[in-house]
Amino acid sequence: MEYQKENSIIEAMQLEFPEAAFTVKKARRIEVKLPSKRLYDFAVRMQKKWGFLHLSAISCVDWINDGEFELVYHFWNYDEKVLVMAKIRIPREKGDSHFETISNLWQPAKFFERDIHEMFGIYFDGSEDMEGFILTDWTGPPPMRKDFITREYALNFFHYREYEPQWLKDMMAAGEGNE
Amino acid sequence: MDEKITQRSVWEKISAKLSKRSLWMLHYCTGCGAIELPPTMTARFDMERFGINPMVTPRQADILLITGYLSVKTLKRVVLTYEQMQAPKYVVGFGSCTINGGMYWNSYSTMKSLDRYIPVETYIAGCMPRPEAIIASFNELINKIDRGEANSWKDYYNNYNFYKENQEHTFEGPIETYNDIKADAALFNIK
Amino acid sequence: MSKIDEVRDYELFIGPNHPGIAGNYSFKMKLRGDKVLSAKTDAGYLHRGFEKLMEERLFIQNIAIVCRICVPDPDPNENNYARAVEEIAGIEVPERAHWIRTLVLELSRMASHLFSLGGHAATTGLYVLANWTIADRDRIMELFEELTGGRVYHIYQLPGGVRRDFPDGFGRRVLEVMDYIESRLPDYDDLAINNSLFIKRATGIGVITKEQAISWGVTGPNLRACGVAADVRKDDPYEVYDKLDFEIPTMTEGDSYARMIVRRKELVQSINIVRQIIDKIPSGPVWNKIPNPLKWKVPAGDAYVRTESSKGEYAYYMVSDGGRKPYRVHVRGASTTHGVHVLENLLAGSRIEDASQIMFSLDACPPEVDR
Amino acid sequence: MNTVLWIVFLPILLFVIGTFMLGYSRKYVARIERRYGPPIQQVFYDIFKLMSKKTNISHGWMHDFAILMLLGGTLLTMYFVPVPGFHFFAQYGDMLVIMYILLIPALGMALGVGETANPNGSIGISRALMMLAGYDIPFVLTFIGFAMINHTTSMYELIQVQQAGGFAGWGLISQPLLGIAALIALQGMLGEKPFEVMVAPHEIATGPMTEMGGKFLGIMMIQHAISIVVELTIYINLFLGGAVNWFDYLLKLFILFTALISVNAVFGRFRTDDAVRFMWKIPLPLAIIGILFIIF
Amino acid sequence: MSIVSNLLLLTLLGVLLNVIFYKSEVVQKYISLIIFAILTYLSIVMYPLVGSHFEIPFLIAGQHIGFTITYLNYYFALMITGITLLTVIFSLKFIKGKEGNTHYYTVLFLKTFGMLGVILSSDLLTFFVFWEIMSWSTFALMSTGGEPAHRSAFKYFVFAVTASMILMAGVILSYSLFGSFDFAVIHGKMASLSLPMTGFLLTIFITSFSIESAVFPVHSWLPDGYSNTFTTFTAYLSGISTRIGIYGIILFLFGVFGIQTVDKLGIIGKINFRYVFGIFAALTMIVPTFTALYQHDAKKLIAWHSVGQGGYMLIGLASGSALGIAGGMFHVLNHMAYVVLIVFAIASVEYRTGTTNLNKLGGLIKKMPVSYLALLFGIIGLAGLPPMNGFVSKWFIYRALILGGYPFLAIAAVIGTLGTILSVYKLIHNMFLGQLPERYNDVKEVGFSMQLPMWILMIVVLGLGVYPGLAMGLIAKIQVSLGLAAVPYALHGIKAASGQLDMLVVSAVFIGGIAVTWIIYLLGNRRKHVGQYNNYAGGNFLNKSVAYNFNYEFYAALEHVIDPYRKKIIERTERGIASVTDAVSEYIRRIYTGMINTYGIYVVTAFVVTIIILKELI
């Protein structure tokens, strides 16, 4: 049967997290959608019980139309050789956009959480270091949010070299060259 | 420009002839162009043939090679480093990013035109330019020094207000470098 | 017996303008005497906002910029990007393209390892090795130039395959370069790897135990130097790695020297892989045509793709909302762990002499951290 | 009159020799690194360029004076070391004087660098002084042993004694243990790798030179050129039988220097404590054994 | 004749006046200044009287006791009065308003009285009595300056009492052997004594003086004792007080016993009494010097050096050659000049900043250039580099050791010198170089009365370096008067067949070199001074909140190398000795009342008891 290994893992997990929705995306990729409150418990089990020792990454997606942030935790199991993507959604509004840290479980989470904090403005409660890192000299809004348009910002803020040769003007006049 | 060349004394001409043979480049990898520096320095292209050596601190260096794009954060350090360098100093802008932002023309983080912040002596276009291009630009710089035209560093003292304005705009405030540019200008008999 | 009234610790800045730092990166060390009490990394000097730029460009436009995320080893970026798009859009890739991609990845790995070996040796003052390896790396650069037209950035792997097929006689030239590099390896051994002074400098420096390595999220050669035989090429095979015969070299010491040895052994493995590829590569087309890229809408979906870059696990998480541009691309650089907290952990308690060596031995690549 | 001519031209002569030797060493190392290398007169260009810099940063009067003390001290040492045809000052100061005036430039630089208020520089100086403790003990011990057999501390007389004995009279031949110990110590004295802990660009950003630029660095390079020749000459005078004429002298300089930079080219650098430990574990016991041979 | 009594009586007068006017600091100040000026004048004009003898007008145990003026005495008297005068000038402002300054000058006078008595005495009994006075007043000197000073003074007390006991035993023994106290008489009868007995007697005396001059391993009282008291006292104690022990050694080794007698005391082969003594001296040079590397307090660092430099003097004396002995004696003067100069510089810094902690200071060169210069002259002298005076005496010593065939003692001297260079650079770097902490931004240079002694000493340090003959004349005369060969000196160096020294030429060439460099320097464009924050920091911005100064654990790497040995050997022995002395001094502390008059009572009691005991015994 296809995806035997993946399905047996899902079975074990489903027992403890009946509310979670598991799908096998392809070989060695399991996707799970969780309520955000259960994520920490899930992470603890992942590490302590199911042997997912490697936190590959934490990704954040800004679903601006839904008013939600999606956090995707990528866990990897060195023995079973399976990657689990745990997806949760948290509200996007300013006061609510914080979430609990898992950096006490996985050291790599420190960087990812700090990065998400800088880029999206999500605060991770309980993380020891939420200071500026990459954007220490940046004063604008968190740039990875969808409502920040880098092109507009750059065009307004930076000085551009004035360079308008004739061929470019011709092209523009002909209505070409956009995008 | 032409007037200045004719005004040069014999001593200055000899001085230029000798000085151009020794140019020390600051070892500062500001952007992705830094990847082409090791090949330039080492056995394949060996820029030491021209007397160009990598140097560690800005006090020792003559050339500030801006290897590619500069994020605002780096640009601050570059300005500081440039002010710490000792005149005569030459800035070489490397890669398209230093000219007009290049690939990152719409990035919120990188500056778009280097010569608004510090005076640039030569540019190398391309993304990324090959080691041969770096050496060619160095040779161009050497020739400029020989002809007595490599005086862009004086612009920084002549037009300091222009540079300062741009810096303060981009950095959203002044930066404290503990360098007294006005006093330096007096040292060079500028103004 | 003398009582110390006040201990005066001081700070040193390694980078961004410092030869002891790889790339434009910085860490600030708090020191007492010659001992590092704590270190704090500072990144962002190379931040260009790639993830944001990708969201504002077409799928096809992004191919040109992804390779710039990691400068010494750009091909895993292209590969990841291409595979992520292929996975979401369900595009098939011709068999030959897979093989060529694998070849490019391995050549890139070799180039990066050669670079890293030289840089690592140079931190102890052994500049000869740096001169030799970087010059030898240029032979691989020339192969790239012949194949793709670019020395450093290749922009070669597109969704659906690769941009062009081998030029005439390319396979033969690849083998020649492989023979040449193989013949140079004993020289590297004599000069650095078996150099008693280098061994003295490098052993016992920046030791990571197996347990620490796993809990700190160390990957790639750095992990294999601690005795964990984990490699994305074997564990989560992509392209044609499952059809190739190669080993995963490991060491158990976990120190700076072990990391160098692992890289040195991987060079041999890569040479081996490249030879197999040239030997076995099937013929056929190299690119399946994709729809008009300017109007191409990739269906909604997400994908997490991983490659084993020369630095470690390199992953992209791509989300498409069915539009012409990616909705979100998250780049998980290999150095996000190595360059930040692994480095900080290793530096604390080390000596100032070894700080730069630890940095280079981890082979952390700052642009991967900054993006 | 002859003496006056020597006094005037000796510094210039040694400076020229020193710069060419430095240029040669850069070329030589470049060739080992499979590079083409700079022209042999490159060091002249460098010094000229540095001297003609328009800005010269200094951190205070000690920084200014240190540079005078640096080259002044080196010139002082230079005059007291006999070279073929010139040993006028050798009668006013013996080898002991030379050993200690050799430290004046080091002290001068240490003070000047201290004033630059840069920890990289201070660490570099601290390393330089620690290396001094490392190499100077074996080096002085070899000299003491050599002076003891010959009952003189005058360098000129030591040369005479060696030359009287012909080739077998050379210090290196008659006292091989002392000669070898001193050779290793000499490598440390010149600050060549593997004992180049003072500069160590990857660790402390060239240490003492961190804040040196323009004419300050230029004078440091002049001093470096002269001091290399002086230090090699000391070794030649003590262990290679001095030199009979300038051809002999230049030949010995060349061979000795090539031997040292060959080691320099293919080694990394020690950690500071390892370097000191090495000096105390290899050359020092060698010198002690050599002296025990002399006593018994 | 009268000069001797004047000298001693004047000092006693000083004690008296200071006790009377103990409430008025101003009166004390000027009285002391005037009296010490007179004392200095008197000791200078004593020169024509060399050779004369002065007897105390009563007999003790049927013996004439009294004082004599010899070249050796004259040399030391000059040093004592000179340096005391400079100390007083420096103290005028320094001790103002400091706790315990009411009896500052009193103990200074008492101490001077004791020292002058010791060096001028012509017989064992007078010597011993004044020795006691000196020890007691040293104790008083050390214990001024608060609780730690009391503690460490008691440590000294234990050692001093031991030394006195041993010395007394020697006095009694020699009286019973020779039937006389007079040095000249004893010297005359020395040849008749059996060799083992001579050796025993010499060992007794030398041991006693070794404790006073802090020879390894009985040096542990010195560093704490000297550094916890007033900094001016540190100068005074390091400069001259310890060296009275050296005086005793010179006197007994060459004056009383005679070098011929000493050389007969062979043990095995080349190893004789002098050689064993030399080994102790070598250890004294090396161990404390390397301990100094670890110090975090400027005063303590110098105190350790003052132990270490004693080793040079002793090793010079132990070498037994004319050159070495001259070097040893010359080094006493040189050491006094530069160490007092160094401590004055430290005191100036302390005066302005309130601390001598090397970890807290830094960058003061911009604020206190004269003090910096003083310290620079001092450390160049201390490190023994040309053209300062320390080099000359060290040169004598090295050369004597090399040509005398003591390679290992010579290398010990070299190791000591290297250790000294390392630690003095740390001293000057941590105090004056590096980054200036913000809190010292408005520090000013010290006033004229504190600068004057420093300028004088700078001239002395440089002057004796360039013209060592100024002092060598006297030293040669001392050597002749002690029956030794005189050193072949010239005004600016030494004339010898194999390798010589001409400091004037060395200095002139050095100045010439500097001049040439200056011309080269002027060829370049003008230099520009920049501030301390305009500095390379890897491209980062500096400001006052960045701790950008390296001074703690300055020689960390060297410490890695020597720590294992140091920990094993030295600290264990030191701790052993220290624990014994600590225990004893703690016991003694219980009978200590802490008042100045108790010292006086102690001194008087000891004096009386000693005389009674002596009378009883004899």
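First chain written, first letter: the chains are A, B, C, D and E, and each begins at residue 1.
Throughout what follows, contacts are C-beta pairs under 8 Å (C-beta built on N, C-alpha and C of every residue); 3 or more make two chains touch, one makes a residue touch a chain.
Bear in mind the structure is a predicted one, so any value in this text is a computation, not a measurement.
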item	value
Shortest path length from subunit C to subunit D (each step joins two touching chains)	1
Minimum number of chain-to-chain contact steps, subunit A to subunit D	2
Closest chain to global C-alpha mean, per-chain Cα centroids	D
Identity of the chain that, by mean CA position, is farthest from subunit A	E
Interface with the most contact pairs, given as the two chains involved	D-E
Subunit B-subunit E separation of Cα centroids, rounded to whole Å	58
CA centroid of subunit D to CA centroid of subunit E, Å	35
Centre-of-Cα separation between subunit C and subunit A, whole angstrom	22
Residues within subunit E bordering two or more other chains	526, 528, 530, 534, 536-540, 548-551, 554, 557
Interface hub residues of subunit C, defined as touching at least two other chains	10-12, 16-19, 34, 44, 47, 49, 52-53, 56, 131-132, 135, 370
Residues within subunit A bordering two or more other chains	136-137, 143, 148, 150-151
Full enumeration of touching chain pairs	A-B, A-C, B-C, B-D, B-E, C-D, C-E, D-E
List of subunit D residues in touch with subunit B within their complex	26, 30, 33-39, 42, 44-46, 48-49, 52-57, 201, 205-206, 209-214, 217
Residue ranges of subunit C touching subunit B (in the complex, touch as defined)	16-19, 23-24, 44-49, 52-53, 56, 64-65, 68, 71-72, 115, 118-119, 130-132, 134-135, 137-138, 141, 151-153, 367, 370
In the complex with subunit D, residue positions of subunit B that touch it	15, 18-19, 21-24, 42-43, 46, 48-49, 51, 56-57, 59-60, 62, 84, 86-88, 184, 187-188
Subunit B residues within the subunit C interface of the complex	26-32, 34-36, 38-39, 42-44, 54, 56-58, 69, 71, 73-74, 77, 81, 103-104, 106-110, 127-128, 130
List of subunit B residues in touch with subunit E within their complex	28, 57-59, 76-78, 80-81, 84, 175-179, 183-184, 187
